[in-house]
Every structure is written in structure tokens, then in C-alpha cells.
């Protein structure tokens, strides 16, 4: 008993010391003390949520590797590891300042580069906020990896990834979210609703993926000269499914974490996020069942992701019943969108354009259509303006970027390298040396 | 420095605004403000814990797929994705209302369907609570998936899964836990101890699995006419092990999250949960070592799960030393139980009946036997009543349900489909197209 | 509306009851109430962080299995499951008391065994703190598993693992961290900086791994008589990559959780942890690119881990810019260290000695070199003393332990068993029965 008491006293002393060291040399009022505890909870929630969003990197890596061939698995892991790693450094150096620095014009920030807004004696909130934002920037970048899988030069991908995290994503982001240090970006000033980034994160990733896929062209053997579309199957479906489960839990950081405040509002965001994902998985499964005669696993998994992307904009301002409708439509939309892009020979191995680009747009529109506070023509107009602006800005800048890379260091590997697989040619390795790995697809074309 | 200050001021203004918007237009007393911060912490913990429990879906999917054959992997992923997705919608529409709605009789609730107890102006606690409960409902449903693996029709499984989440689980749950809106369920009123659901969640899942497995019959080739038991090996043991690690961390949401309050009591629950799991893994390993001559991986992994299931009822009312004893017994029990069910030709590919049914019962009894507050005849009697009631209710309703499905849309695939594998016949896919997959088992019987 | 109000009232009553039951029979002052809410947040953060650190067990298991051959996968899963399970029980019984019990001499504690410092009426902080510490002890133990993979007797590994968790790790830990119940350990008293355990956890694991690897000798066929070094490839690179992502997120518990307090200081620790990992991955990739001509996946993944290990000591007392430099150097160091140990024929299949031992030392030195408060000769001297003490204590005790195991129950399997693979000979199983698994390495030597 004495020991327990002792430990209690020590903890109290330690806690008091921590508290004192944290903020104040003398006494603080009860009001200030309450605010401080709430602030601590906000730090805790924002950072735990950032951890969950970071975990989405693993989810993306597994989905992309699972849905593509074994011979390119190392390459996909390297791309996902590196877009997060290089993105972290690039967003620290430049991106965060462009997105959240003081902006005189409303078009981009010009302060806070290299986290220079932080000093050891200052308020560390900027660090918590940066941590939450860097995982978002990396999410936008990594979406593109899947669409460009199985044929992109590694060095070319690294260049793209760094530029997106440092410039393309943060500049658009500053228009819609740039409210920490500056007044506000111009889209935000108009009332644009995109709570957690259906447009800011997912459509940016999706439209950059579209640009990249067009510049690259399809994988060898995907579309034959007779106009046939050949299936190129993913090499590990349980891996892809694990990736989707990880993305789903990661979204419980992505959407409710976007409050950056530990308050009651996160409850509805959790519920909406979950219901939209569930609805998307169900409607995509049913759609695939009707269209193909069997409930297809790839479509069902992408349906869950489509629901998650679509609820991201409106998760804080629509009711749970609306979240279900938004998800149901997203699940249908993703199936038809995947078929559409395949038909026009845009070869997106994992469906990233449909999941993130198309459903990012749908979700942003839906955030206006199902707004709890009511729907007005102005709201819908601004939502459409934001969707359109994102497409124009991202597609054009990304297209130019990919073309530049293509003309300089090269964006696509040689046909020989593509047939052999990027694991061997780009990284000198093999992902599964103990297994007999064969490879399908790409064999009837030089 | 000015910028840091500015950012600090902005955060404070924003926080104050968030706070004000949250609750009050004018001022609140310090006492109210303190309660509000604690409430925020409760929301945060309940929802983060719900996220962890959600992650258990991934754990179950990996354990089940890992412990079964490669040719059924897509099917298992689809079942796990869909029982959560359909369960989410079904529990939103009906299940939650039956379980926690106002109950005049003590037998089931009759309000709160479609989350109608929530309005945007009201307290969002019902949403946080729903989020935590929906992942429990889905856990009960998904337990059955493994026991019925490798031979169940997909459409039949979907029907079962929806009915369990909407009716069987919530009605029993209302007897033991239905205390949010109604007075209390009848079992709860008697003093039944099942803190986080050894009986309410795990035994319900386990006994439904028993009913399903009996109605289905064993997999082809599992039991020969000579009375031999043929091993049908799991196709990916590291995948199953990853699943167990994920379930273990998920249980750190499942058990301590059941406080739905961020207070000091969660510490003992964490410790008990961890010690019981560790003890279960060790004792199952030793038991398998003695019985089979080698420390067996499947038994050891199931031993950890058995310990987790067994501590679930009593995690908040037994001491850490007791948790170790409960886990040790669970680990031994699961080995003998798996052997017993195999002997009586109940073919449970992953051991779900032994892990969740048998150890759910053991854990519920143990919550009485090791009760910190002391043990009385009445306590043990009520625990046994709860265990027995759960078996009778679940086994009978699930048996009828599975028979109904069997006679109408069909519960089991044809022998040809079973031999070919459900991935191909039910979903038109193949989980590992780049690998040379063979299949063992089921070959010497038509 | 009435129902919502009712639910709100019930929650409030329940919360008040929980609060009252928690601490006080009568009223508490606002000051005490505020402290209590903060204490609840501290419990919550410490326990959630412990959960994240637990998840690192899965990460280690995947990294180790992925980087070794398919025929030893079950063995690696069993080792990881069991070092955590046995470590949990051993740390409960003995380790925690040695590390944090009351110490009269400053050399080890002599109280708190079997968690006897806790009583149901006492403060449960000791349980929260134990939970956080047990996952650290298990981390130290599990590091060794990878370095000794593919040739160690299972029973011998279990003995080692238990002794490390019960004695070797906690005794060193008490010197550097033993401050909960006793005054302080002697290293801590000198001012040794190792915030989250670059030395206490990682170097202890790394130097024990070095001792074990030396006692064991290299795998068959790794080093030929002609002095050639044969590559023995990992069997599943995406699995290893997933492991690294899981370790990365686990480190968001490991480092910031080491505050055991929910305050603002965790923000900088999160940011530093992330930036060092990113920098380590990048610099290791570039180093491998320069040295081998291609960006190598194993080195890049180990680079991220090296950055994480290196920032662990100084994560709370260096600036983000310094964290990047620390990570960059760690990533370069790990590549050269792996090559060095291979050259001197210390066969470490996963690079654990380089990642945890060498970079643990580097990180501990760096915590002095980049100290926010300034660098003095005394600081550097104490850091070097701590690094050296850890090496001497751990290497010598672990070496003696491994030799003792070797002379008694045996540490290494027979060459026949090694060639066949430990899954079959030690556990009577096979990890991938549905796949055609071949095995490379170890074939040209008896």
C-alpha cells in the first residue's frame, strides 16, 4: 500500500512538472487549465489520426501489388515506400509552406518552408498539424502509383512523386484549405465544401493518374489489335483485400481526424465513413453480379474504396442515411467507370482513376446535394467550380510534368524490361524466389 | 515569432469556436467545461476502440484464408468483406434498435431503427455508441465464416450473415447488454457478468458456427469411410499468423473499449487481455507439444485467440494473476476441443467453434469464478444460466435459419464446385494466377 | 427528441457514476477534476501507444519471414508469437520488478514482482505503465529472432528469449530508466539521454543478436570455402515491406508514447520519428543505387528502420532538421554495416545487428550531438559511456547465455534439419502446402 501511494505521488509530481514545464512558470486559472487539457486531447487525436492515415500507405501498397503481377511487386513496394519518404522531405521543405504559409494573394503561401514557423519555445501545434497534413500529401501522391503500375521507370516515378507533393498538390490545397496561417484560399472563400479531401486529395491523385496513364500508354498486350481487352490479373487477391481493410481503418483517421479537434463531431464522421464504405462494397458487388453473372472480388473491393472516397468531402455535413445513398451510388459508379476507361483504352491496372478521380468528383458534388443545412444553387455551383478547377489544374500540370519527364529521363521502361518485369530490371531482385512464378499478359506483342 | 503567435491565436479562436458551436451559445461553468472535456475523451476512446475492433475483420479474414486452401481465398475475402458491409447496413436499419432501443418487455427493443434516435441538433453519443456496437455485431457474424469455409454457397452465406446481424445477435444482446435506452435486459437484471462479450459476441458466433457446420456437413475427403481423419492444410501460415496478431491488437479495442469511457479502469483490462492471450498461446503450444511431439503452429495461434476470447467476459473484474490462469486453461481447452469436434466429425476448418463457442463459455464461467468481489452460488448460477441460454437461443435459431436456407436457395455448393474451388465457381476468379497452385484434400471422394 | 435527451441524461449519470466510482466518494474540487481528466488522457495515450508498440511484433514477424526462406516461415511466426507470449509472463513475474522496482543500490529493483505493487483499491497507473513497458521488453527480445533465423533450435530460442526478457534487458533498463519507484539508475543519474530506447531497447537487441549469431555460426552455404558470399534471398518481399510499414506506424507509439503523458510534446516526437524514417529510407536507397547500380529494396526497407532506430534516443530533444540528418546518416550506415558484417562472416539474414545494434549506438550518440539544449563534453562522454556499457553488458551476458544453451539443450539444429527447413523438422508443418515451394541456398555443403 505504501508503495502504491508512493507511485501515485511520484506520478502526480511528474505530471505537475510536465504540466509546468509545458506552459507556465506560475499558476494558471482553472479556465486555462481546462483549455489546456482539451488542447492536449486535440494534439492526441490529430496525431493518432495521422498515424492511421500513414497506415494507408501500407494499404495502397498492398492493393496495388495484389492487383498486379508478381514480377512487379518489388517495384510497387519501392514506389510506395519512396513516394511517402520523398514526399515527407519535400512537403517539409516546400509543400507545407505553399499550402499553409501566409498567402498575400490567396493563390499560394510564401512562409513556413522547412517548418521554420516552429521554434522549440513556440507552440508545437504547427508540428501536429504538419504531421497530419504530410500524410495527406503522400496519399495524393501514392494514388498515382497504382494507375501507372507495371511499366513506369522508377526514376521517372520518383521525379513525378516529388513534384506532386511539393507543388501540384499543395498549391491546389491552398486554394481549398489554406486557412491555418493565411486568411483563406480563394475556393474556400467562396464556400467550397470538401471536409476531408474528396477533391483536394483524391481527385488530385485521380486526375494526375489519368494524365500519367495517358502519357504512358497501356501495358503491352492489354489491348490487342483486334480491339480485344485482355484481362491482366492481380497476383494476390488476399493481399489486395488486406489492403482494402487497412485503407478502411486508415479512413477512420483520414475523415474524423480532419476535425483536428477531439470533440463530439467525430462520431457522425465515423458513422458516415463506415456506412458509405459498406454501401459502396454492396452496390459494387451487386452491379458486378448483374453485369458479369458473378459477384466479382476486384469490383467489390474497389466499391468499398469508392464509397470511402465519395463520403470524404461531405462526411461532416451529411446525415448517416445520406452517407448510405452516397456510397451506393459510388459503388455503381466505380464499376461503370472502370469499364469506361478500359473501353477507351486508358489502362489503369488497379482502377485508381475511377476510385479516386471519378468518385472524388461525385463525393464533392454529393457534399453539396446532401448538405444538412440545405441545398442552394450557389452551393452546387461552387462545388462544381471546385471539381472543375481541380481537374483543369491537376490534369494540365501533371500532363506537362509527365511529358517533361518522358522527354528527359524517360517515363516508360523498354518493352523487354516490361516483359521481364520491373523487379528484376529496375531493382535487381525477385519478390518470390522460392516459388515458381509464371507471368501472364503481354506475351503476344513485341 | 510573430507568426507562431498568430498561429497560436488562430488555433485558440478556432478551438473556442468549435467548443462554442459544440454546446453552448453563452458561457458554461468550469464544472460543465470539465465534464465536456471528459466527454470528448470518452468519444475519442470509444471511436478509436471501434476502429481497432473493425480491424479485427481483417484479422479474421487472414486467419480463415490462411488456414484453408488457396482455391477458396477469394471466397473468404468476399465473405468477410460482405458480412461486415451487409451487417453494417442491417445493424443500422434493425439490429441496433432491437438491441438497444426502448424495451417494454425486457426481450427486445422497439425504437431507434435506422438511427432515428439521432438528430443533427441532438447529442451525437448515440452515433459513437452505434459505431462501437456495429463492429461487435459484425464480429459475431464473421466468426461463422471460418467454420463454414470451403463448401458454403456465397448467396446462402450472405442471407445467414444478414439475419444474424439483424436479429439473432441483437436479440440475445438485448437480454445481456440492452441498457442504453431501456431499463435493462432480463439476463442483465439477474446480474449476468459478460463485460465485453465472451458469451454475447463469441459464443453467439461459435454456436451459430456449430449449427452451420452440422447442417453443411464436412468437406469432401475430410473423413474417409474407414474412419480416418485426413488433414486439410491451410495454404498460408504466415498470413494466418498475421491475422492473429491483428486480432490481438483489435482486442485492445474490444475489451477496454467496452468501458466506452476514457478512465483509469482501462489499464487493468489491457493487462488482463494481454496476459490471457500470452498464457493461452503458451499452454496451447505446450499441450500440442505433449500430444503431437512438436509445438504446432495452428494450435499455438488458436491458443492465443482462445485466451483472448476467455478473458473477454471477465477482463474488468478479475485480477491479472487470474487472467493468466484463465488463459492457461483456455489454451489447453482449445486443443482438446478441436480434437473432440474432429472426432465427432464436425468439420470446422479453422477451429472457430472451439475458440469462440467453447472458450466463450469457459470465459463467462471464469468471470464468475475469479470475480474480484468474491464468488457466490448465485453468481455462478447466473453465469451458467447465461451460457446455457446463449447456447439454446443461438443454436436453435441458427439451425432453423441454416435449414431454411438449405431448403430454399441452397447452403452448400455441388461436389464438383467444391473440388474446383469456390474462387472460380462462385466468383469467376483465381487468387494467385501467377503461381502454380495445386490443391490437396477432397480428391478420393466423388 | 425525448429519447435523445433521455440517452444524454443516462450517459451523464453513468459517466458521473464511473467518475465517482473511480476516485472519490464525495465531491472533488475543480482543480482535482481537471487533473483527473488529464490523468485519464495520460492513461488513454499510454495504453493506445502500447497497443501500437505491440503491433510491432507483427511487423518484426513479417520482416523476418519475408527476408528468409519459405521453408522456415512457420518457425519465424512461432518464435515471434512465443517471445512475446513468454516475455509477457516473464516480464510480469520478474522483469518489471528488476527494472522498475525499488532499488537500494541503483543496480536493479527488488520489488513489484508479479505486479504485486498493484491492488484493486490502489492506483492502476502501475498497470498502464507495465503494459507500456512489457511491449518494449518484447521488442528487445524479438530483434534477435531475425539475426538467428533459419538455423536455431526452437527450444533453445525459447530459453534465450525468456532470459533476455526476465534478466538481461530489465537489468540494463534499470540503469537507464529505472525511475518509477526507485530514485534512479546509475546511468540515468549521470544524465544519460535515451528517451525511447535506441540503446535500452534496440542496442540490447542488436548486441544480443550479434552474440547469438557468433555462437551459432553462419547458415550452410552462405560463405563458401573460396571466400565467396552467396546470396540467400528472402521469399516474400511484399510481406517484408508490409512489416516495415507496420513497424513504422508502431514507432508512432514507441517514441511519442514514451512520454506516457498526453501533452503537446508528442507533436515534435511524431514529426522527428517520421522525418528520420523517411530520410533513412532515401539515403539507404541512394547508397545502394551507387554501390550496386540499382535501388535495392532490402536496403531501402532497412534504411527506414535504421532511421527509426536512430531517432529513438533523441526524438524528444532534437529539432526536425536534425532528425533528417540523423536519419540520412543512419540509412548510409546501415548499408555499410550490413556489408561489413557479411564480410567478416557474421551471417545476419535480416540485418538486425546493423539496424538495431549499430544504429542504436549511432542514435544514442546523435541524441547528444544534436541536443536542443546544446552539446557539452560531459554529455557526449555520458552518451558514449552508456553505449559502451550496453555493449559490454549485453554482449557478454548474451554470449554466456547462448554458450550455456549450446552446451546443454543445444542451440543449432543439425545440417539435415537446416536443409530440410525448420517448419517441417521443428514444427511438423509446412507454410505453403498449396504452392510449389523450392529452396535455394545451403545445397553445396553437407
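Just a few scattered comments:
Lettered A, B and C in written order, each chain numbered from 1.
As a convention for this text, a contact is a pair of C-beta atoms (placed from the backbone, for glycine too) under 8 Å apart; a residue touches a chain by one contact, two chains touch by 3 or more.
From a predicted model like this one, the values you see are computed outputs, not experimental measurements.
For the pair chain A and chain B, chains touching both partners: C. Counting the residue numbers used at the interface between chain B and chain C, under half appear in both copies, so the two copies meet with largely different residues. Chain B and chain C have CA centres that are 30 Å apart. Multi-chain contact residues of chain C, defined as those touching 2 or more other chains: 30, 34, 37, 39, 41, 44, 48, 118, 123, 125, 236, 432, 435-436. By the touch criterion stated above, chain C contacts chain B in their complex at residues 1, 3-8, 10-12, 14-15, 18-19, 22, 30, 33-34, 37, 39-41, 43-44, 47-48, 50-51, 54-55, 57-58, 61-62, 65, 73-74, 76-78, 80-82, 84-86, 88-89, 92, 114-115, 118, 120, 123-125, 127-128, 130-131, 134, 154, 236, 239, 423, 426-436. For chain C in complex with chain A, the touching residues are 30-31, 34-35, 37-39, 41-42, 44-45, 48, 52, 69-71, 102, 111-112, 117-119, 122-123, 125-126, 180-181, 233-238, 241-242, 244-246, 248-249, 252-253, 256, 259, 261-268, 270-271, 274-275, 277-279, 281-282, 285, 292-298, 300-301, 304, 319-321, 324, 372, 432, 435-440.
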